[in-house]
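Please go over the structures that come below.
Look for chain A in each of the two complexes below; its partner is chain B in the first and chain C in the second.
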Partner chain A sequence: MGSLRLSNVSKKFGSLTALKNVNLEISDGEYVVLLGPTGAGKTTLLKIIAGLLKQDSGEIYIDGIRVDDYPPEERNVSLFFQNFALFPHMTVLENVAFGLKVRGYDSREAESRALEVLRLMHLDDRAYSYPRELSGGMQQRVALARTIVTGASILLLDEPLSQLDAKIKSELQYELRDFVKKLGLTALHVTNDVEEALALADRIAIINKGEVVQIGTPFEILEEPENVFVAGFMTDMNLMEGVVEEVSENGIVIDIGNIKLRSSRKGSFKEGEIVIVGVKPKDFKIEETGSGLTGKIEDSIFSFKYKRLIVCLDNGLRVQVKTDKDSFKNGMYVSLSIDPSKVYLFPCPKGGLRAAIAEIAGVS
Partner chain B sequence: MPEVKLVNITKKFGDVHALRGVSLTIKNGEYVCILGPSGCGKSTLLRIIAGLLQPDSGSVYIDGEDVTHKPPEERQVGFVFQNIALFPHMNGWGNVTYGPTVKCMDRDTAYKAAKELMNILKIAEYSGFYPYELSGGIAQMIAIVRALAAGAKLLLLDEPLGALDPRVRVSLRYELRRVVKDLNLTAIHVTHNQEEALTVADRIVVMRSGIVEDFDTPENLYWRPKKLFIADFIGKVNIMRGVVKKVVGEKILVSLTGGQLIELHAKGFSEGDSVVLAIRPENLELSSDDVKQDNSLTGTIVRARFMGEYYRYDVRTENGETMTINHPVDRGVKKVGEKVKVFFNPEMILVYPYPEKGIERELMVEI
Partner chain C sequence: MGDTWKILRIMVLTSTLLAFTILVLLPTIFLASFPLIYMDDIRYEVFENPLIGDENLRFIAEVLAFSFKLSALTVLADILLGIPLAFILARSNFPGKLLLETFVTLPLVIPTSGFGFASLLTWTTISGIGKWLNLNRGVLSITSSLPFIDVPIVLFMVHVTLTLPYVVRTVQAKLVEIDTIYEDASRTLGANPLTTFRKILMPELLPAVFSGSVLAFARSLGETGATMIVAGVRLTAAVAVVKWEFEFKLGAAAFLGLILVIITWLIILPAELLLTGVKGGVVKPPSLISGKALERLLIKFEAKFSKRGFKNILYGVCIALLFILTIMPIVVVVESVIDYMFKDPYTGRVEGSVVYQLFGPPNYFPAILRSTAVSFLSAFTSTYISVFLSIPLVYIIDRYKFGRILRAMLKIPLVVPSSALGLSMLLLWGPKFLGLLTPGIWLIILTQIVFSVPVIVETTIAVYEGSNIQLYEGAARTLGANPYYVVEKISLPILKEGIITGAILSFTHSLGETGAAMIVMGADVPISVLVVNMVESLAIPAALFTSTYLIAISTIMVVVFRAASRRRRI
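Here is the complex of A and B:
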């Protein structure tokens, strides 16, 4: 058993708001990733759940029981830190068994439980190795075994993969998810890496400046981002400021500076309202001739199966377009079109698009 | 927009060979990445180009001139480090104009140039801010302006995005490329991140243990790598062993471990050769099990993840291997446990002779 519910959790450090009315429900056995830029409040939230920090207001329920007054060791959670440190003078087995011994298990029982976890993680043949004899990825797995051995059903992971290089990381992340699922654990995993979140999560909670701004499956988040921040943080969408010109049953017409786009997506926008228009690079259809949205190809960048073209539109806006055709070259004049159902619209945040982009890029 | 030519550069640190004879030519206006695992010698090479280190032997030419023994300040290069090294007691403007000031350049010209650079990099509004008030991304942009403010046309970047959030890293890499192209600079950018190199560079130098393994465009390195090491290092590949059963013109028939036969296009192999097949996840196609399909293996989906533009499926195939397939979203969704056929497009399979010292040794990042 390991369900978790946060209700209106808030926390301030002096005048700085770290968390603002965070609500989050995680079911037993679910893998949830808390994703957001550095400084969004992710680690603070984990520490509060673990009982290492006290929230200013709001409640935390684990398995339906309010645990706000429980010390960390009685909360049924275990916390895995980014900068895990194995004891260098202890073997893998001793490292994993250490926590149990501290909790009063006799040493034989502690080691037999530790060995069982190591077996589950396919590390039993390294039980008598020392940390320095293991690769970085393997050390990470030992550290994870040490966290899990305590038997807590909720696993809190603070950037567990951030110190690994790209190749080891992409192998280990799937392994991590499989392992959590196999043991029937509930996981709340903190990261600032979008790919990692997509690879791991049943659901993703996106946090910005202490507020959870959207929760959903990877599919929901990528296909139906609810605001500019989520759209910009999660996807490579082109974001442009525009003015609503017309609202009718045929959709919404937006002017993005002498260029008109039509959106058939839902949304309550008024004529004259400033909105943010979003178009994914892969949703542009590009042709060598045609009318409508025209511009010049300025650059062409490798993007695996695609080419990412930088197109300067006639009104001076630069957009990114993804194509799998090879025929487009720098300097060519091209025409773009978009299916109106692929034209996303978002309310314009305070400070306009510039502020929104700065926020996404973590520069505000 | 200088040209950089390196001829047979070697460098030892004690007993360690950091560079073992590196020769390459970087063209005017090119954006080149030097990619390799840590310890491959990539930063050493960059420092030698900058003049911060002296090679044991070999020569460095910038625009045809031998600069091997010239100090850094006479090389007209701008250098940007990973740990954004701005002067903490100076604001953005102070940092940016520091170079021209100490070099006693004409004040009006230098200030005008610095202002223009700030505008091109879209950071003019941060002139008055001190480094501690800036986010990593902006601070790094200021460091880039500082590197260029004294008129450098050759920009050397050592893991410039390494200290930033992943999301910022992505948006800034396009910004970096744009600035280099707009200003007509030559850029040499050191990174250990494959995706970063592939999506920012015109050409990539791949290094391993002090040697240049290859120097080519992202397209060629990713789709037509000359070596198995490159295929594996530069992106995900599925690797399978086999033996050539038959050669017919430019086609070969390969028997996989498990006995399944796969036909593919390849030259220079003979019957009986041991080979290694390498296949990118986006080059394998999935269909349902009941479709009759030549050149395919049957298997079961063991893992499925939605990755935005594709589903990533891991398939356990009949010959006991697990293969990763990127399946475009518009081609339908499959479920874990579903039986499928994995189609091998003969033209999309990379094939290499079985490495003398074994696959594992061939793929090692340090040799």
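Here is the complex of A and C:
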């Protein structure tokens, strides 16, 4: 058992809105990642679920029971902290057994159960070390052991991997998911790292400025971003401002500064409305000659398998194009084409594209 | 070029150490020579007096026992009241927090004799709480004692108030340092707030609680100004030293002073060594009870008292007690001075008015003016000299191996009862030994230097250690600055906040100090002693006025102090 439901949770700090009507449902055994830029309200939400903060309005249900007035120690959720928060004056074993002892377990029983979990984490030989004597990876495992030993079925993880080196991070992130799944726990994991979220999550909830803006599987989010923020934060889409010129059964025609694009995607837009057009670099078809979109290659950047070209279109807009051919050189004149079903359209947010990009970069 | 600096360095080093030895060290260790110098006097007065035999020895044992009982009880109350108050100040945020913090700090700078008189007035006379409750007497009598332990209540309350800031401020400083993440972790692991406090915070807090308690204990043991006013017929050891000195029983006074110092050190030293030797400054509470049925019972008990309401009640009670102990006496004394301004409000006689006593035949006004001059002049001079002695001392403590010993020695004046210190000063400089100075303002200044230097050194070192000063000094040197220039342009500006905080603390301490001043003052009566004299000669309206005046001065001081320490935080 371990389901979690948030209903219209809001929180303000003074005049600052930290969370606004957050709704989220996580079913038993699911691994959900809460993803958003710094300051989006992720940690606040975790603290509210754990009971360390109280929401201004809204309800929290754990296993169908409303827990709003429960203190943290009675909620049966466990929180995994960013820098592990291992008690420095206790040994590894004492740290892990803490949650059992304070629940009134006999100390011998508490320690034997703690040792069992440590064995599972391959740390039983370090039971009598102090946290400061362990490596970052070991500390993480101790923290995880401490978090799961109490038997709480909901695990809240606050940027659990942010303190680790990039190299061991990918290894430990797999290990983490493996443990959680093996033990059948429900997890809500907070991060601002897109790759981490894609690798770990069953579902991702994207949060921005205290609002959950989209929830879905990694695939759904990558393929069907619902707004400019998600598109910009999760994908490398080219985003351009344009004006709807024609709405017909054949699709929508948008003018992006003397260049016209056709989109066959659904969306209710009116003629004359300003919209944001999104095209993924991989969806451009690039040819050396042809009509339509034409431009000059300004620069190219190598990645593992493909080349990323910066193409300056005739109207002065710059777009990124992915290609796996090496024949395109800087300075070449090329033509681009796009399948209309791959042209994404988003309503223009307040402040236009410039404000949206600043928001994605976490500047505003 | 290099030689010049070398010579300068040696000159600074020797002159600082010499000044330190003569001004600070010698007076404090001179106490130890008492039994040798006054062997005959001591034998005559304490052990084999032809008239009273060893009556004085029995008396000494009695006052010592009473003093230790009082101080131990005071520290216990300080801890019980101080830890919740430290929590309120460190962990919660509310509109009146700044005001509460000021109230907590006030007793640090308030002259104790003025505050003692205010408390006496509040609790034992019809001008105080009794009037507000429509009683025809005070709510307490000066002889009212705590049941079973026989300690006068008013004396106990005054000692708690005057020593509370030491515990609150040290614990608060430590709490601010501890990341709340450990408390959060403990709560989400299933521990209730009280269990979290006991198992997670207490081990980290114990050293701070202890060092605050040591200061509080020493201050309570040496407190003289307020004690003389509110103790009634009871005598504490510190007051007995003063009393005997006035009766010219120097041998007995010296003997008692020495015993007081030795016992203080026997209590403080082992604990100090024990705590500083602990790894990482964390104390592991003995696990005698963990895992046993008792521990489980304890957790159940703590869970019961961890309900939200309990915390609010506890905090409310602590704030109320602080208010009653600190603010009430101040309100009462200000109210009374208005009542007594032109006539005695009860008899209607003009002779009982403040104006009459100040400007009429009793003519206290010139005395107040003169005492004010003595107090400010001596406090200013001693603070000024102490600052200039402290700055090179901070460097010496940091740069040389023997610095640690120096720092340990500097703790001695902090815990020596002030009347014992005064006696030591008198005997060292006075006609009995060096014969250089007679009691008067110069001896007051020298005495104040002894307890001012440690305070300024401690606050400056705190800033020194917290700011990467050697890095900046090194950077300045590689950029071509000479050592003198570096100290003036780099180090002093960085250390400024610590020096200012220390200077203000030692200035206010000098202004309010009574015990030592009474012994070394001669005819130059400082204002804090004047209050005691007024109370003893029953010039109540004059005492009222002077207390109010002292409290007003120190309130201004506390505002200045707060402004200075607030800037340091940024």
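Observations
Note that in this section the second predicted complex is superposed on the first by the 346 of 364 C-alpha atoms of A that agree within 3 Å, B and C clash if a C-alpha of one lies under 4 Å from a C-alpha of the other, contacts with A are read in each partner's own complex, and residues count from 1 in each chain.
Everything below uses one rule, namely that a residue touches a chain if its C-beta (ideal position, glycine included) is under 8 Å from a C-beta of that chain, and two chains touch if they have at least 3 such contacts.
All values reported here derive from a predicted model rather than from experimental measurement.
Touch criterion met: A:Leu52 reaches chain C, while chain B stays clear of it. Of the two partner chains placed by the overlay, only chain C lies in contact with A:Glu73; chain B stays clear of it. Once chain A of one complex is fitted onto chain A of the other, the partner contacts of A:Phe302 are limited to chain B, with no touch recorded for chain C. In the superposed model, A:Ile65 lies in contact with neither chain B nor chain C. With both structures placed on the common chain, the touch criterion links A:Arg108 to chain C but leaves chain B unconnected.
Judged by the touch definition given at the top, the superposed model places A:Leu222 against chain B, while chain C stays out of reach. In the superposition on chain A, A:Leu16 makes contact with neither chain B nor chain C. Of the two partner chains placed around the shared chain by superposition, neither chain B nor chain C is touched by A:Met1.
Under the contact criterion defined above, no residue of chain A touches both chain B in one complex and chain C in the other. Of all residues in chain B, only 37-38, 134-138, 164-168, 170-172, 174, 177-178, 181, 192-195, 198-200, 217-219, 222, 235-236, 282, 303, 305-309, 312, 314 touch chain A in the complex they form.
Note for the complex: chain C touches chain A at residues 179, 181-182, 184-193, 195, 199-200, 203-204, 280, 282, 284, 290-292, 295-296, 299-300, 306, 308. Interface residues of chain A facing chain B in the complex, by the touch rule stated above, are 37-38, 165-166, 170, 174, 178, 192-195, 198-199, 217-219, 222, 233, 235-236, 282, 299, 301-305, 308, 310, 320, 360-364.
Per the touch definition, chain A reaches chain C in the complex via residues 47, 50-52, 71-73, 75, 77-79, 81, 83, 85, 87-89, 98-99, 101-104, 106-108, 110, 146-147, 150, 156.
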